[in-house]
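Please find the structures below.
You will see subunit A twice below: alongside subunit B first, and alongside subunit C after that.
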Partner chain A sequence: MSQTLLVAKPNRPWKLTPKQVLPDLLGAVFTVASTLLIVALSPLKGKLGFAITLIFMAILTATAVSWIRRDRKAAMNSTTTVLVYIAAAFVILPLISVLYEIVRLGSVGFSLGIFTDDMAETSSESPLTEGGLLHAVIGTAYIVTFATLLATPIGILTALYIVEVKGRFAGLVRFFVQAMSGVPSIVAGLFIFAVWMIQLGNAYSGIAGAFALTVLMIPTVARTSEEVLKLIPQDLREAGLALGATQWRTVAMVVVPAARSGLITAVILGVARVVGETAPLLLTVGGADAINLNPTQGNMSAFPYYVWKNLLIGNENSISRAWLGVFVLMILVLIIFTLARYLSTSRGVKK
Partner chain B sequence: MSSTDGKNTNNDREETMSQVTGKQSRAIQDPSTIKQPVATHSLSDVASARRAKFGQPTNGSTGLEAKGVHAWFGKKHVLEDISLDFYTGTVNALIGPSGCGKSTFIRILNRMHEFIPTASLAGQVLLDGKDVYESGVDVTKIRLRVGMVFQKPNPFPSMTIRENVLSGLKLAQIKIENSDELLESCLRRAGLWDEVKDRLSEYGGALSGGQQQRLCIARSLAVNPQVLLMDEPCSALDPGSTLRIEETIRELSSSMSIVIVTHNMQQAARVSDYTSFFLSDGGPGRLIESGTTAEIFTNPKQKRTEDYVSGKFG
Partner chain C sequence: MSSTLLEQKQTPKPRIITTELRLTDKVFRGVVTGGGLISLTLLGLIGFFLVYNGFEAMRSAGMAFLTGFEWVDAVPENNQPAAYGIGAMLYGTVVTGILAMIIGVPIAVGTALFLSYYAPAWLKKPMVVVVDVMAAIPSIVYGLWGYFVLMPHAEYWAKLIHKYFGFIPFFDMPAPVFTRSPFIASLVLAIMITPIITAIAREVFAQTPLERIQAAYALGATKWSMIKAVVFPYGRGGVVGGAMLGLGRALGETVAVYTVLNLVYDIRIEVLLSAGGNVASMIVNKFGEADFVELQALMAAGFVLFLVTLIVNFIANYIINKTARE
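After this line comes the complex of A and B, so read on.
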């Protein structure tokens, strides 16, 4: 007899066999079929009726199948699983639908020409091949860059005060930061409008818009940074201090580098918070159709303003332009965020 | 033998030992007699095999001394009247059950105690005869002279191995001429050089737990401390890494005094010259007995010490 040699083969014993999958598959088919039947027979008509019935039947079928095959515990597990999937669908479906609409309607007017021209000499009714949104690109770039340059240090230093310095007013500062994050964006615009423009007598300018966005951005950056800094183990701070470092050196050389990736996320979230803000810009920047390269003086445009204005004009081409504005803004933001993420992790592999 | 050239061969180590103990010429000829007790004999044998250096103040240094130290967290009295002398060039083990204040005590020695918001204390900690808690003392200078190794290995995650070792200099803003030489000597003294010499630009987190702990030791050596405090440095490590760190401790003890908190009796018996037993009977932790390690493990004066070191409680 030949000796049986056991050769180990990589295997996945936990993988479901077709036989095990079959009841679930049948359950899914039954769910859809019964839903169609119910919709056909009952007065529940239309997409909404279909969706509600589908959800109801999915929960019912999954629970029943589990109960019959196993026991009550398995049935509970199936119910919650289906509920979680439904919740996820409620988040993902609208998002995909929004993205789909933006791409569908926004890509109509898309050409490289839009990055080389503004709307100064183009009428709103002229075809999409004329004019462009360079003025909005420049305006948003100026305003958001200035706002980020102002809000990042203030936000992160605020978080450091709350988490690292733990000064006497840490609780108060945290309370104000939280309160600020609930302020409606138009209030930030009104604040700058009242103080910077009316009290101090400045006119519309990009810098005023940047100030308004800074007010909105600080709480987001500060709160996210605070959470990130809290995650840094106390051990590391003590290790730094035990080596004879001052608190400032420990924070600058140990804590902040360890939290770097999270702090970049905080800034990204801050930018995401303000990049689409319209109301504060209307009050502080004023809006324009022509390129303005001077952020300290004169009206400027920005993506939200460009979209808002074209939507208000309301003719066919201008509405297409509004969608185009949303589309281009989305792509630019995506590029910037990907770049920031890449740069924040490119320095070696951690772990 | 100078402390910086520590090549990790057996011979070198035994040389260190002979300098340290002075009288073990026989044991040195047969390396097995050093290691044998660890595996087979009782704690008291282990302790006596390693004869204590009877610490004499060297180079005019009186080392580190705690005088009547009390500590509180809020209203809770956690340490009562601890007076201990740590001579230069000795290894001092602090033993005792959990919660008896050993860690609090060593954190008092390099002023880490004050980072706990509710903490307070009484008494004096004298470093070379000067109270480290005196007003006007630069606390960062104290921590430079009294280094610390923590229970959990905590290399700085954003720094490479090289940067980790030299981080103390950067953190304390000390300029140095030849950083490569220092890097190598610190890693050699911590017994890590051979394992990491080809991967100095990798991140510290990429090392194993035992290597990370030795990296942390190397990091605290770079600023050339006079005293090294170790808070259960081996509690998270496997026996192999523990042994390497104990060797490291022995090598280091020729150039600095070491205070080590440990729950491992064997370890206290193996590495220390002096042992102090702490105990809390529900109230504040007290120093029950302190003496040479051989004394504590073979012939303790107090019944409670004997019970603890022989494993009858705790």
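After this line comes the complex of A and C, so read on.
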């Protein structure tokens, strides 16, 4: 009766044995050692010389090792593997440098005091302990809020038109909205300047900047909302209609609630897109050093404008202020970005 | 009692079945259609108002507006008429855009391949986040970083390139000024467009059918052979489209280029020299002290930029959509 079942112990043929890893390890050691030797003996000097030699030697070693052990195809494979890793490193390096320099140069003048004062009575050359960027905080808050209030309904309605109503122009609208997201930001600024200032005769104001940012925000909101709405299962819509609901009821009470967090993510991504936009604001808000609480009248500042202005002044303290502005702006962007990611991954629409 | 029973037994009148929409649906569809068409209208309005305001400048200059090198205001005392031509700026924009593509596209495609096929699982997720963060960094940040951090390094690289490759006309130097050159502007632009191209290339690579990948491996292909035989034929359209999308972004970039590029109204092929052109930067540069006539010329320049980026984006999206559908 009793049968002994022989169960083969699973081995892992894909797992590399130490013997197989050894050539790679030796290759890596050889690469670094030969690079150090070449840099020490030849006229190549400094970090750049080291980096170039290292890349060159890495490709050479990897290719040679594969060729000797196997064949030309394996050598080709090793070469491209090294190149792909180098490409990935080239993408990370600038980001690390950008973040590092922002923290290093931007956190110098950082204190809570900068959020309580503006630059109205502070000259650009005075030390960073004087003045602040409250005017930029208020300006950005006004401009981005108004832009969001305008762009959110238009963007979501556009997405609903493409996904739910599927009207005659749905394909056309979709294609043009895609193209619209590539409109240069300076063109949006020029457009608002042409309409709001030249044709309608208004002066610089926060609201003009908000209009310009709306133009840039609509495509981002519309495209992300469209993706989100497309993820809502068709069954839900059919269930709503089968219960006798009109399309309006189905969309308002089934589709939109199901897509809610995705739609919020779309709006947040739109905010992230425009909060750092500089070029359109240069043509529309006028810039100011004092707090302006009226968004419909008078020049206004914003974070990007504050950075731009201090960069152009160009003395030591103003450049520190520009870095400070960038530091605060980056913190803001990263907070918005994290929020969007959190919403879209943890509580968003599940694929 | 009996009367209520009778009432209950009466069958209700059958509802008239019709395909006509209810009033609420008509209103709903009307509102949504209106909202959807706003985006379309907006794009048309941008083109219309830029032409409307810039028409006078384009009409008076004619073709010279696109080909002319000069940008001078009228000086009534000397009887000198105004001359507005964006030829040099347009040329500079295209040169920096294409250079940025030459630098950025290989890196972006390599990174997309890394993320899709090479990266270990623990590295993949953080790398995707890194690429997304890079795309979210505002251009003013890249401008500031490019000017203060990258430029000193890039100046040194430019000197090396000139020293060893100076015999090629592109790397020749009539004057030893290496800062704020098209080369440095292209480096900054390449860093800015790499995440965009990477994201799209990765999306396209992810659509490669798994069974074909496995078939290639089963036939004994190396990773690279598999990529060459399966991934690239499938993803070529997406990579081209993504690259063009990046080009569109590079052509329209303003602030980051303005800080690292010295605007000179001349066409030069030496990319390491501190003399370049960029339409968007020129608009910002000239906008501050522009009088009405010059403003019209700037509007016209904006329209040209709008048209060029729109066409590039149209082509890019057409290619991407076509690839995605196949």
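FYI, the second predicted complex is superposed on the first by the 238 of 351 C-alpha atoms of A that agree within 3 Å, B and C clash if a C-alpha of one lies under 4 Å from a C-alpha of the other, contacts with A are read in each partner's own complex, and residues count from 1 in each chain.
One rule holds in what follows: contacts are C-beta pairs under 8 Å (C-beta built on N, C-alpha and C of every residue); 3 or more make two chains touch, one makes a residue touch a chain.
Because the structure is a prediction, the values reported are computed rather than measured.
S.K.: Touching A:Asp235, do we find subunit B (first), subunit C (second), both, or neither?
M.R.: Touch status of A:Asp235: first partner only.
S.K.: On the A-aligned overlay, A:Thr246 touches which partner chain: subunit B = first, subunit C = second, or both, or neither?
M.R.: Once the two structures are laid over each other on A, A:Thr246 reaches both partners.
S.K.: For A:Arg260 in the superposed arrangement: first (subunit B), second (subunit C), both or neither?
M.R.: Touch status of A:Arg260: first partner only.
S.K.: Looking only at contacts as defined up top, I'd like to know whether subunit B or subunit C touches more of subunit A.
M.R.: After superposing on chain A, more of subunit A is contacted by C.
S.K.: Regarding the shared-chain residue A:Pro10, is it in contact with subunit B (first), subunit C (second), both, or neither?
M.R.: After superposition on chain A, A:Pro10 lies in contact with neither partner.
S.K.: With both complexes overlaid on chain A, does A:Gly201 touch subunit B (first), subunit C (second), both or neither?
M.R.: neither
S.K.: May I ask you to decide whether A:Gly182 touches subunit B, subunit C, both, or neither, giving the answer as first, second, both or neither?
M.R.: Touch partner of A:Gly182: subunit C, not subunit B.
S.K.: Which residues would you name on subunit A as touching subunit B in one complex and subunit C in the other?
M.R.: Correct list for subunit A: 246, 249.
S.K.: Could you pull out which subunit A residues touch subunit B in their complex?
M.R.: Touching subunit B from subunit A are residues 233, 235-236, 238-246, 249-250, 253-254, 257-258, 260, 348-351.
S.K.: Which residues, counting only subunit A, touch subunit C once they are in their complex?
M.R.: Residues 48, 73-74, 76-77, 80-81, 83-88, 90-92, 94-95, 97-98, 101-102, 105, 153-158, 160-162, 164-165, 167, 169-170, 172-173, 175-188, 190-191, 194-195, 198-199, 215, 218-219, 222, 246-249, 251, 272-273, 275-279, 282-283, 304, 307-308, 311, 319, 322-323, 326, 329-330, 333-334, 337, 341 of subunit A touch subunit C in their complex.
S.K.: Mind pulling up the subunit C residues that touch subunit A in the complex?
M.R.: 21-22, 24-25, 27-29, 31-40, 42-43, 45-46, 49-50, 52-53, 106-111, 113-115, 118-119, 127, 129-134, 136-145, 147-150, 156-157, 160, 191, 194-195, 198, 222-225, 227, 245, 248-249, 251-255, 259, 280, 283-284, 287, 295, 298-299, 302, 305-306, 309-310, 312-314, 316-317, 321
S.K.: Give the list of subunit B residues in touch with subunit A in this complex.
M.R.: Within the complex, subunit B contacts subunit A at residues 110, 112, 115, 140-144, 147-148, 150, 152, 154, 156-160, 167-168, 170-173, 203, 205-206, 216, 219-220, 223.
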